[in-house]
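Next come the structures, one after another.
What follows is chain A paired twice: with chain B in the first complex and chain C in the second.
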Partner chain A sequence: MSQKDKDINNETNEETTDASREEIESQNRRASDEQSTSRDSDGRDPYGNRGDERLHGSSEMSTHMNSDMPPGAGDHGGLDYKNLPKSTPGWKVLVQELIADKLALFSLIIFASITAYVFGLTMFLDQAEIVFVDLFAIHEPPNEEFRLGTDYGGRDIFGQLIIGTRNSLAIGFLVTLMSVGFGIVYGLISGYFGGQIDNALMRVVDFFLVLPFLMIVIVFVTIVPSYDIWTFSAIMAAFLWMGTARLIRSLALQETELDYINASKTLGTSNLKVIFSQLMPNLVGIIIVNGTLSLAANIGIESGLSFLGFGFPEDYPSLGTLLSYATQTQTLQNRWWVWLPAALMILVLMLCVRNIGEALRRAGDARQRQA
Partner chain B sequence: MSNEFLEIKDLKIHFPIKGGFFNTVKDHVKAVDGVNISIPKGTTYGLVGESGSGKTTTGKAVMGLNDITEGEIFFRGEKLSGKGKKVGVNRDIQMIFQDPYSSLNVRKRVFDIIAEPLKNYESHSKNELIEEVLKLLERVGLPPGSLYKFPHEFSGGQRQRIGVARAIALNPKLIIADEPVSALDVSVQAQVLNFMQEIQQDMDLTMLFIAHDLGVVRHMCQHIGIMYHGRLVEEGTAEEIFNNPQHIYTKRLIAAIPDTNVEKVESNLKLRQQIKEEYDQHFAEYLDDEGRAFPLQAISDTHKVALPVKG
Partner chain C sequence: MIKFTIRRLLITFPQLVLLSVLVFFMGSLMPGDALSGLIDPSIPAEAIEARREALGLNNPWYIQYRDWVVAMFQGDFGQSIFHQRPVMDVIGSRLMNTIWLSVFSVIIIYVIGIPLGLISGRYKDSLLDSVITGYTYLGFATPTFVFGLVVLWIFGYHFGVFPTNGSVGAGLEPGSVDYILSKINHLILPSFSIALIGLVGTVQYLRSGVIEAQQKDYVMLARAKGVKQVSLYLKHIFRNAIIPIAAFFGYELVGLLGGSIFIEWVYAYPGMGALFLESIETRDFSVANVLILFYGFLTIVGALLSDIILSIVDPRIRIK
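After this line comes the complex of A and B, so read on.
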């Protein structure tokens, strides 16, 4: 692991080549020339992390220099409000935390490259050809034609792995987007209005919580003759939004008590605007963390259902289907190429997303920050 | 109706206490229980009392942040409230909040915070908005460089100025100042208070000034009302309250104001001791059977005290 860490450091260092470094320095010089009419340009960064920023954010250098000006240094002229200093926004803290946590950065790079590779490659793969049964090529070990061998139907494992990963990821993203999106709106409304509305909305949540999620999904899959990624995600999301809704509701209840919400109300802002432009931005850290962590879980859920045989049919590749071949002892013992790549893929994906989520969670908590 | 600018008539705000198996209403907390206040235009009315005496609740009721159990509120002769309802939002009444840390949204830049009321009530282009906000910043004594900063980059006093700028953005006629300086450092308090007085004179504002610090109130207000457990115990002009306190509770509050004169330490201590004894012995006489203050009785044109009914 430490070797890999060093590799990443080298990579990032290589990115800032000598040429770009010179450019940055000249920008610095120009920026400080501009400021020399005002007060001293050696300001403070509220987060004290300028060193890191210089390495990574070279394209944003000019705006960043502005944020380095000391408080009140912008009062030359008074009317050129376009150049008034802006301070470090909250999302930069997230980025800084991700960069400081080498494991999370590494995970992010791996996850991003797997996602890009998988989604890119599936555009060139022909799914019909991959799932075509070829009885003359059953159970072939990895060779030149089939990079990861074939399964009991003579189907290419590598192709199935790529398409399966794409399906799992797509479903994971979709389910997360739908369930977290709905959960946020639901929780915000419940927490903001409180009282009887909150009471009624939370009883609905309780009702959904007691429903046996797995059984309903299995029944749905058995009854509905054909389904695609969208309907499958929707039915899963319908039973996965309650956790987010409860979390957001509890935080919204706390946050609504604060005076800035009262202030907004007395200033004549409508409830809807208060909820989405005042309340929600204050919960955005939690929302991101919650979304990332449930993404990891949702990728696993699809694989799990397919593994049990209630996911997509066999002509629709999925990581879970590949894994379920391992229930045959013959395959488990002698034909590792059928199931091992899929198992590793699930492991790597879930670990990566989890590491990223943990780093984001830490960024929201100043005491645990590493940056 | 009346020529008073703001008139609060027999205001009652009761909060239910729920409990038991069916979560039914068991009792009420009488946060405000029959308060009458009238404020003439352009003056400042100080509402003083200990924690939990209902000062803030009264202020919030005028703002429409609390349900009103009973009573009426008139603003420029117009009735604002009905029974059991909240007062509607009114652009001519604005509030300065107690805590400058929680009353500013930490995710918003100063520009967005101050421009919020302007966006709600007036249609301006982006550039006009910036001009307006810069004018307001200048008025409250903040540099134009603050425009795009976040609240956490300011000190408590500066943040309270941002709160004031937001409150006066719409040129309101009445401002409810809910302990605007109690969260601030003593050295900053005077600064903020003086500047609030300045703004009040400039804009001809009427102010309901809620505080627990009598020194601050003396500095700011023409009329003062002393609250105890949801009821007014004494009301009058500032001189009447400070020079001729009648209610034992008021006497004790005024005796508790610290004096910087070192030579008087002894005599002050004696006076305080004497008033404490009187308070301990006779305070029960000033309350009725339910522990509430008596109705106010006028002892002069402006001075009213909740003295026990004789006989």
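After this line comes the complex of A and C, so read on.
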């Protein structure tokens, strides 16, 4: 079955589901459970198509929702085009939706405070002192001096937790920026040009998708000659961009069919300008959503790699480094303070970022909005 | 059906070739070759060089690649430098453990996940549904290895009810009842750690599938005809809601085979994932290479399997 068959099938499915969803939603509008129809929130859709999350349709939809619409604006006879209320811009819808969703707002506040706290504190913390080996304070339980005890080298766990959180967040952002950025450009080009170019580019994506991600990354991390934060992020990003590329490509494919792109092309606008200053702004909502959900995943992947010992070096601790101490039986069994805080931190971070992403994703679907 | 399968098979062929080329080049980037393990001061450099020439290690890359592929088709996957045994022997000793772990996990995922998804879709917005949905939310945000560590800590160490490492107790006769029971006992914690996180996707897909199907015309008709609630859900709605889950079966199985790296590491379970990490740590790249090739091959087969299953459960795809 070719890629096209899959897409066609997926689209027809979506049409039917959209119709039936409309019914559901009209029956219990503002149902207490907002995520009833979050079919592919887990991002496991193998085709990467999330056509039902079209954010770029938000402008026309919000026009319908504006209560201060002048009477009679709906019927086409005496339509006064000049005085039509301006539709809410896409990003504003996202912000409104985020504020309306209490869980997401709560998550955002927690996430922002953690980020601000760790980045603020690490500016004053002396990193060299924290990773300094103190053999007189090995494996101390939490006490006055060490708020969360010490590890096998007598290093302060609390300080490592703060630095580790910062490093994990930083690398998460970096990898997301790289992989999503590349995926966007790749997907836009593939979807915009279509035809043979699209076909060729998508075969490359198919190939990357069959690679065993974890193993390839571990091997590259081992054999790369100069190993630092940048190469580590680049290696991760090199095998993580495919999801974004497929998603953006399928949306760009639909969007390119629309009149405004055709009109712009007819007027002789260069392809580069059409893609990046006309097509891309219309996909910005879905890009934000995709980026947020990727960030959550990337934080998990990075700490997983560090946990296995293929991430950050030990004098540059990440949350995964702290967890990796737990592979020693003694530490796992008797010294919870070494690894449990890091485990909870990963959990809280990923939960918060996912909640924010999910709320943004719902905001993209006008039927599921709350604000 | 046959035509579809053949066409689908044709796509996998270039993928396999590309994968093998990539693995081959990664292998040549890695330090050491088949003779590194033999080098010692008593052997003159000329002798090593002669062996090198005889083994074809000085040939251009395309000839080496051809020889490598031909050797694999003849069942020769090279020698493990660390274990001093053929790579296939080393992998073979671990293969069954990983397969058992994956099969166990898949069974748990479907045995627990399908009822949860059905219940949560059937009683939408009830308290039970909120609990299940909350669980899927948590499950999506929890990395498997973190969950595995916590489970091991609580049930393996704190309560001490399950073994904490290995795949079988020591000193048991292979094939005896005790041996099998010990194997199962060692599987419980790892497979539940994988499954309880892995099943959230299944639950969520099934839930939205059920909610969606409830509103369809054919369900209304069945209801109007007086089909009983139970058989309405178990026969009519389930049949359609299961399609995406059936379609994921191939990916799910293969994903588990590959994704068990973390859990095997946490539980010191002697499977292929743990073998991969060990071989990287001991710089035994010939083993690591074959494992990558093997997992890549599995992923391709999994995608193929998924597409074929999808065409069976959803006839619409075949027609198109």
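Everything below uses one rule, namely that the second predicted complex is superposed on the first by the 281 of 371 C-alpha atoms of A that agree within 3 Å, B and C clash if a C-alpha of one lies under 4 Å from a C-alpha of the other, contacts with A are read in each partner's own complex, and residues count from 1 in each chain.
Here is the rule we use: contacts are C-beta pairs under 8 Å (C-beta built on N, C-alpha and C of every residue); 3 or more make two chains touch, one makes a residue touch a chain.
In this text the structure is predicted, and so the values were computed from the model without any measurement.
Participant: As a test of reading the superposition: which chain, chain B or chain C, is in touch with more residues of chain A?
Facilitator: The partner making contact with more of chain A's residues is C.
Participant: Would you check which partner chain A:267 touches, where first means chain B only, second means chain C only, and both and neither mean what they say?
Facilitator: After superposition on chain A, A:267 lies in contact with chain B alone.
Participant: Please indicate which partner A:258 is in contact with in the superposed arrangement: first for chain B, second for chain C, both, or neither.
Facilitator: In the superposition, A:258 contacts chain B only.
Participant: Is A:214 contacted by the first partner chain B, the second partner chain C, both or neither?
Facilitator: Once the two structures are laid over each other on A, A:214 reaches chain C alone.
Participant: Need the overlap of the two footprints on chain A, from chain B and from chain C, as residue ranges.
Facilitator: Common interface on chain A, chain B vs chain C: 46.
Participant: Looking at the complex, which residues from chain A come into contact with chain C?
Facilitator: Answer in residue numbers: 1, 5, 8-9, 17, 20-21, 23-24, 28, 31-33, 35-39, 41-42, 44, 46, 206-207, 209-212, 214-216, 218-220, 222-223, 296, 300, 303-304, 307-310, 323, 326-327, 329, 332-333, 336, 339, 343, 346-347, 350-351, 354-355.
Participant: Quick check: in the complex, which residue numbers of chain B touch chain A?
Facilitator: Interface residues on chain B, with respect to chain A: 60, 63-65, 89, 91, 93-95, 97-99, 102-109, 116-117, 120-121, 130, 134, 143-150, 152-153, 163, 166.
Participant: Which part of chain C faces chain A closely enough to touch in the complex?
Facilitator: Chain C reaches chain A through residues 4, 7-8, 15, 18-19, 22, 26, 29-31, 124-125, 129-130, 133, 137-138, 140-143, 145-146, 149-150, 152-153, 157, 164, 200-201, 204-205, 208-209, 211-212, 215-216, 247-248, 251, 258-259, 261-262, 265-266, 276-277, 280-281, 288, 291-292, 295-296, 299-300, 303, 306-307, 311, 316-317, 320.
Participant: Please give the residue numbers of chain A that touch chain B in the complex, ascending.
Facilitator: Residue list for chain A touching chain B: 46, 71-75, 78-79, 81, 84-87, 90, 258-260, 262-269, 278, 281-282, 284.
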